[in-house]
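Got a structure for you, questions after.
In this document, chain identifiers A, B, C and D correspond to the written order of the chains, with residue numbering beginning at 1 in each.
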């Protein structure tokens, strides 16, 4: 990877971190409502994998902790923030909110609130790819807690049976809200669970974006070459609580949190770039400042100044705007 | 114009839609190589191959979700769930996902899936195979729900459902697959909204759908013998209920009998009654009468089973009582 | 007689029932060590241990089924499903299994499970966290469905539900857990059937449950200012609807406003209207009015969200209109 | 095993075979309605396992192919036949039918029509045992097709996590209606699928009742001793169609059917007993005749002559007969 690209990638990660922190602030100011699940600590997962996939070409789908996956897919951060602010300019037109970002143009096929629900949807994206005969892949990011849902099993089984082009990325942050991995499943290594489907799988340090990229290369190659699905487990940690109502303490020891803070993916990568001589401490500070400035000067004002949805459009988007097809007015013979 | 079995009308619609668009595919248990429990896909595995007529493992929730995901990329899946009772396993994917994705995405992402599933009380299949779950789907925002009662509708509504850009639930009935009826030879499409008057009459309006439409037609025959002229409305689409067609009929008859195969509490009969109340109250000269299933899990024993659900006699009886001529 | 939070009333009922019977246990996500999302089991993991206050993996269908299976051996599980939206994953176990086992076994095997789950529109939680699924459960034969709107009911209905030999679904509401109210100090039990008049009045009857009871009470205040005396009925139990209490009220007021938080199609409002039609038609001097949610997935945007569901103002407005005094 | 017991066991198996065949006949005569799923070919599974468990003490639960499991649990065959004939004397009082046999007194906790639904119920039976502190076990019989349901995964995970006393018996007859194992899952050995939960598991010839008993001994010992769940896969075959509307041909080759007919569990066991010198050909014929006679002379007449349920009791058993507890009339302080 070129030095410039490495710097760019770090810049994106720093930006994502600041974006999420700014969301927390906006939540406290009640500019953002509902549930809010933030990503700090897990950045190397989305960035490592999506950097090596083809954004806006490959499909991406995930759960409710979805801001960063959308942004890395190519969604304008302004549209993400505007969505959180419930504006018409939001990437889901203010209807979806934090847990339901969508950006079809960039092939970001949504964040979903129900744990485990995206597994089959991802399988379907891959089925669509198969029938359309492209070399796209579908990438599904979910937490390790989701692996206890029935949909995990059903989906892995069909994915491997039909060798569909889907990459499952398990962001194993050790907890599902307040319940630890060890208290929810007897087999702690998630990648071992897919042996039950004879699926290719591996486990990697999810804090080191270089390691993630290397694993992602292998995984993506496998899937894109038509060898079927792949399950990539990334060991990671969320530095914050599960959502804004959770401190993230109580069920996690201070020691554990501290240990993982020392492996903060952004600082790990920063230090490596500095060691490699392609970044200085000062450049990093500048990068960081720039990110914050962009958020404060462009992104927040855009969200704040955007209009809310028109209340007269409350019932729009429940069904197709055009009732014609449902009424049997189809182009006969045509598609 | 030829006579066709209900199942064969479905098979023809599948065949034509699979031929029309390479992104149409069918998925369900035993629908491929084994030809389908109700033969709605017979011969199509051989014709279109295993990637388009797919035998699914017994994983209802996830193959329904697979359909939804594929539909988001432009495919038009037809999902067969072998019995509507099994569709309860897929309600997360149907109700939380497919029905809401268009709205949650601000109109960006459509989910043009079709879910076909037979329900209703067939013959002594017991409580776990006799569910009538139309209430669950017709109560869900973002879905279309239709109930073709005749072969012609089965054909023409399935075809429209495939072309429609909304998720459509087609509720069929295990006891109707072998019904024969006219199906026009030329390709055609039926609307997924709007009731139809399937028999005209002037004394009373019998309202139903799917199996209860057949009871109502038979009841109308019986009532005619007694000099009562019953109009029969087949709702065809359960979401929304076509209040206008009902109102036009009640303006003539002023009397409504609602027959449904589902149990009353929070059932289709309640919704039909509410629509009448809201849109036709002043046409009525008395409260509409509901003829519904008993509020019990369906028993295996045949006599109990018969006692648990309505039939033509019960509709006719309730009608005579309403008309004061019992 | 002390004031207690709704959540704390639930916690106390859990505590007393766990203490009373070693075969009572609670299971749900994060209800044990983390103390429960809504604190309904706070401190009980420490008190009763991990075998009786159980943190479940994210497997709604199967831990609900676990509860049902255990209940068949004599246990009395209290299953918490963190949000009723997630309960759609468990509808096979609830509707096909728990609700039908007693009947299918000819009365041999009871399933005394309690399923507690909050639903409703809280605040900008979006379409997938704002479902109101009371229709699904109240439409199922073999279940009891209750909706405690006040801390005292939350306490006393949960206790009865644990002792009751039928499967009971208790629908709570995310926006009510922090409501405070009187809860008597002595142990007591409330019936799982029957509505209660929570405010007397003579001009109009406002009917609701759970959140809509709170809207109705606030609407009655507003209406009183305009000289309108509204009686408020809190249904408390949704299966069956207590037609007798409604009839007694309508015999006085002759006018009904039905307020529900769920969307109208095949919703609780339809069932309430049907019950009124069947049991109270001749008490009415006009059709009952429904004030319901819009038929849309619930939007995230706050203004749209507010527009999607009723509130006290909308109930009061509809009432004034009905009374011709708008 | 004593010679007498071996003869008794064979007699029970022969009886079960004739019972099922007689059901098919009654179905054709329309004495039995609904769906009917018969057991011929798989007898060594239920008999091998249940012979070694403790009937009427250990819980048994299964799917819709449940007649033989009920009978081996101790349910009077007359009550089973009466149930199929929809009579009040049936083991589910005529309300359940073939797919929903129940016999609580004998701890037969039901047959269920929904594939995969009994998994969590079995887990719950085991949970009940745990809280009641007995040395019972719960035995759950299901087909291999059921292993593709999400409940399989969710249940195995919790069973192992909490080490509950449940024995899962997978009757792998290679087909789920018309869909073969190979066409529905990439890992054909079902016992390997539970590696994903670190559950003890093994695979055995399900046609040889001696082998099944030996494996069952091991499995039951494991579970009863409190070492947690066990998954026992029995390779078997149904000699008939899936249900009465399926010929069982079409999707299975004649060769395959013939091969398995040669390993008919009843004739395998008969031949062994003859070889062991504890049974003669003639004694077997007598045993078989006796079984048929018992069915024709006692069981069918009992079913035929039994009364149907009282139509006035249609709504009974929906809820508890006694509305008291639901109305809050509980013995306060009492249990």
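Following the convention adopted for this analysis, a contact is a pair of C-beta atoms (placed from the backbone, for glycine too) under 8 Å apart; a residue touches a chain by one contact, two chains touch by 3 or more.
Just so you know, these numbers come straight off a predicted model, no measurement behind them.
Counting C-beta pairs in contact across C-D and across A-C shows that the higher total falls to C-D. Taking the mean of C-alpha positions as each chain's centre, the chain lying farthest from the centre of chain C is D.
We define each chain's centre as the mean of its Cα atoms; on that basis chain B and chain C are separated by 30 Å. In terms of their C-alpha centroids, the spacing between chain A and chain B amounts to 39 Å.
The distance from the centre of chain A to the centre of chain C, each centre being the mean of the chain's C-alpha atoms, comes to 36 Å. Multi-chain contact residues of chain A (touching two or more other chains): 92, 94-96, 100, 112, 114, 148-151, 154, 157, 161, 183-185, 318. Counting partners per residue, chain B has 56-57, 59, 61-62, 85-86, 89, 92, 96, 103-104, 126-128, 141-142, 295-297, 299 as the residues that reach two or more other chains. Residue ranges of chain A in contact with chain B, taken from their complex: 59, 61, 90-96, 100, 102-104, 109-110, 112, 114, 117, 119-132, 138, 150-151, 154-155, 157-158, 161, 316-323, 325-330, 332-333, 335.
Those residues of chain D that touch chain A in the complex are listed here as 148-154, 157, 160-161, 183-187, 192-199.
Against chain A, the residues of chain C that register as touching in their complex are 29-30, 33-34, 37, 55-59, 61-62, 85-86, 89, 123-129, 294-297, 299-304, 307-308.
Taken together, the chain A residues at the contact with chain C in this complex read 33-35, 83, 86-87, 92, 94-100, 112-116, 145-146, 148-150, 176-179, 183-185, 250-251, 308-309, 311, 314-315, 318.
Within the complex formed with chain A, the chain B residues making contact are 20-23, 25, 51-52, 56-57, 59, 61-75, 77, 92-93, 96-97, 101-110, 141-142, 144, 156, 160, 163-166, 187-193.
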